[in-house]
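As written, the chains take the letters A, B and C, and residue 1 is the first residue of each chain.
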């Protein structure tokens, strides 16, 4: 009790004496914790919605689409491991018109009494009712993308071109497909009689069936049985894994990035903390000895230091938790933060913080209780570097500074290293930024040569082509069709994109192998190669609508869509029945043309008959990453600053005695200042240079690795430009010197007594 | 008869860190009665500081016994020594050693709080001490703003904050000019008159002149231990002989 | 004391008792209180040497008193006194002689001599401390005198230490 009171006095006084440094410590830890929490939330959140939705809706593990509703569909319920069957439900493709935009949707017929398995869960409004046949229930992500509210009109255009006006009766969650717009078309449910009215033609619709299994792991086996059983009937099949993957697509990338930054940042922060605490303890040895002579025990001193420095860390953790939590909810709009991983992060960070300050605290506790005369720095002889400085006849201040830089070797190393780590991370952050810039600036390098996708809509292919050809900003256009193909043995569908002709191929960014040049050749995304376990040069056999498609993969293209699980071929590789008329035209525009303008013009020219979509650049979807990078750079800068302050505080302490002597020797205040700044500046330059070099050497590798694992494929990474790096280095060094200058100036101006005190 | 305030029996200290072991203190016997003021003198390197540090538990003894107020202390652990210091021993050092980040008032209150006084008691004690030392108006200043003499007076107040049974001082005036020395001297004389037991290492004859007893150390051994007699004639002529 | 009295008389003529008072006032408690008889004896010698001269001053209902004043010769002597550098402290110390010579005869041990001397010096120092404590803080002449004595003692003690290191 008595020790507590005395200890608190001391801690309070000490903190008051170094407010700036203490605040910085808190901010650093807070920043790191916030980043980690945001990371884990994103990573967790990526998997959580599927898990939650699947449980809520008692979802089906396997979904497949067929042309007709046959007796065989019911028979799939007899497959081993299948507990129940959802559907078959009739589903028709429509286009939803909302605020002048047209968005694709699948209209699905469900009964007024929700089914037991895979039933959508209404979050707003009500479920379908036979008394209200005009009502429609919209899947939530689709409703959000279209800004639909309860009671809003829901205007759809059927394949026939006929318009129907329904209204939004409810909004519901479902686990049967991914979120819009990552997963298209969007999903909306109507009563069977409503669907009959909208799309009377059975031939223009499909049947969707879901299977709920006893064991999620058997999805693969069951899907293969379904493929065998339905054979030609089967049009498309996917399992819960694809749905889950689709739901976590973007967040996973962001989460990985944040986690990487967070973990490395944590190490850097731990280093900064240990450095700061260690430096402070070194500066306080006399005070600590005095406390001991007063009757503080070894353990109490260690505890005192641990509490003081640890408390700053813990305060940082608390602030970081609030910020991370609040920030994640505010910026990313997620509602739930998983408690377990967050607790794990908090506990982990707290441990790291305590471990980081534990060593200096322990060492402080072992201070001998005899307060010696003021501690003097080890008098190093001129370091090799300083001798070099002398040799090339640098001014005396620089030589002295160079000598000082390495007087204490371990702190010198820690300072340089402590600056190198944040600088490395900043370089990596700049690399990610440059990569995003490249996405946005050169969409053709990430497989988005075309800025617009135009569907013929109500027009014939010839009419559509005429409109496209007439537009002055269209440089080239490529007819294309997306089909679903079943991969043998995989038990799931992959996307086959037929676009352009073998003679006039769509300019995919092929990073390995070559472009397809004749029918029967294809390029694939990394995701597809991984999925099928094939490599360039291999032949793959797929089934498209019952007919076999055998192609040889001749190259790998950057593929930002569908996790890279896309096979791209020329239109002439597919059977004519699948490609005529083409489903869409991919339009490459002339340089400088505004896609939105061209889209508007095409719509007007065609009298709203064409179906025009602007391609979404992945950089736009990943825009939030830029915010994150800026925030991280800020945190990393704080870490660097914390290290720097420690270094210059230690340097000043070492020089308190020297300064008077230097002045007596005839150094002007300016030279004294230059000496001090050189001492820290040299370490800064070393650290920053090493960090930048390290960052630049790993950045492309890291981003490509991320690209590879996410299916997009290696080859997207762009290192930050030399200009950016040079500016970053200059800014870092400049800031560091400016920061080092303030205490140096004060010290140089101050009247320093010659006697030791 | 009551226990001696401090007792050392055949105290030995050998520093064995270097190539050759250094015998800093070789078998010192010392007994300090309550209320006594003992000056420890001797040339530098004679082991004076080491002796006082050992008596206060700041340094470990190599062999021998130390008794503080009737309890044996040399066998105590470092932590137990610390607890003992809180209650029984006040230290004054040559370089004042005030905690730089704390105000004068906090510096003086710290040991009182550590000794178990309530914040109010500590404050009252501090006010009393600073008042007696003529430092009341400096209570909120930072030690760095004080002159050397003022700092040493604060250090003395701090050492006395706990009403220690023994005040150990290591060259308390070694770093002061003569005017400041006079201030500190007067204070030491006063606290001694109030019954404070003091053991002080000093080089300063003026300070030693205050003591009741002088212990001369030479090469780690006690070469003289005796009372300093006072003539107390009261007339100046007897003291200053005008030739 | 001759020259001290002469100096006081050079300031202004005075009779014996006034001189005693002037000495006490100037040097305060630090100066041993002079004996009035000794003052008259000293004045007589000064008069004999022609450095001062005395005149009788009549007083009502009291015996005449002798008032002394400084002569021109007295002034010359004073000027000479002030101009000469004053001799430093004795170099040939009596104790040092003892310390060197006594052990040769076997009648005393050096360490014992040093210890006894140290105690003696310290006890002197204690007395000076007491005196200093009793002296009014505004009596600067007296305090300086005491401080001077203390510093001499300190030097003696330091020298004692050197003797101990080198001889014992």
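By definition in this document, contacts are C-beta pairs under 8 Å (C-beta built on N, C-alpha and C of every residue); 3 or more make two chains touch, one makes a residue touch a chain.
These numbers were taken from a predicted model, which means no experiment stands behind them.
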Chain adjacency by touch: line, ring, star, complete or other shape? line
Please flag the chain sitting at the greatest distance from chain A, going by CA centroids. C
On a C-alpha centroid basis, what's the spacing between chain A and chain C, in Å? 95
Approximately how many whole Å separate the CA-defined centres of chain A and chain B? 66
Intercentroid distance (Cα basis), chain C paired with chain B, Å: 36
Quick check: in the complex, which residue numbers of chain B touch chain C? 39, 41-43, 178, 182, 185-186, 189, 204-206, 208-211, 214, 216, 218, 223-224, 226-233, 235-242
Given the complex, residues on chain A that touch chain B span 1-3, 5-6, 9-10, 13-14, 16-18, 286-287, 289-300, 368-371, 373-374, 756-757
Complex contact set, residues of chain C against chain B: 1, 29-33, 111, 114-115, 118-119, 121-133, 142, 145-147, 149-150, 153-154, 157-158, 161, 164-165, 168
Within their complex, state which residues of chain B touch chain A. 53, 56-59, 78-79, 82-87, 89, 91, 93, 95, 97-103, 106, 109-111, 113-117, 119, 158
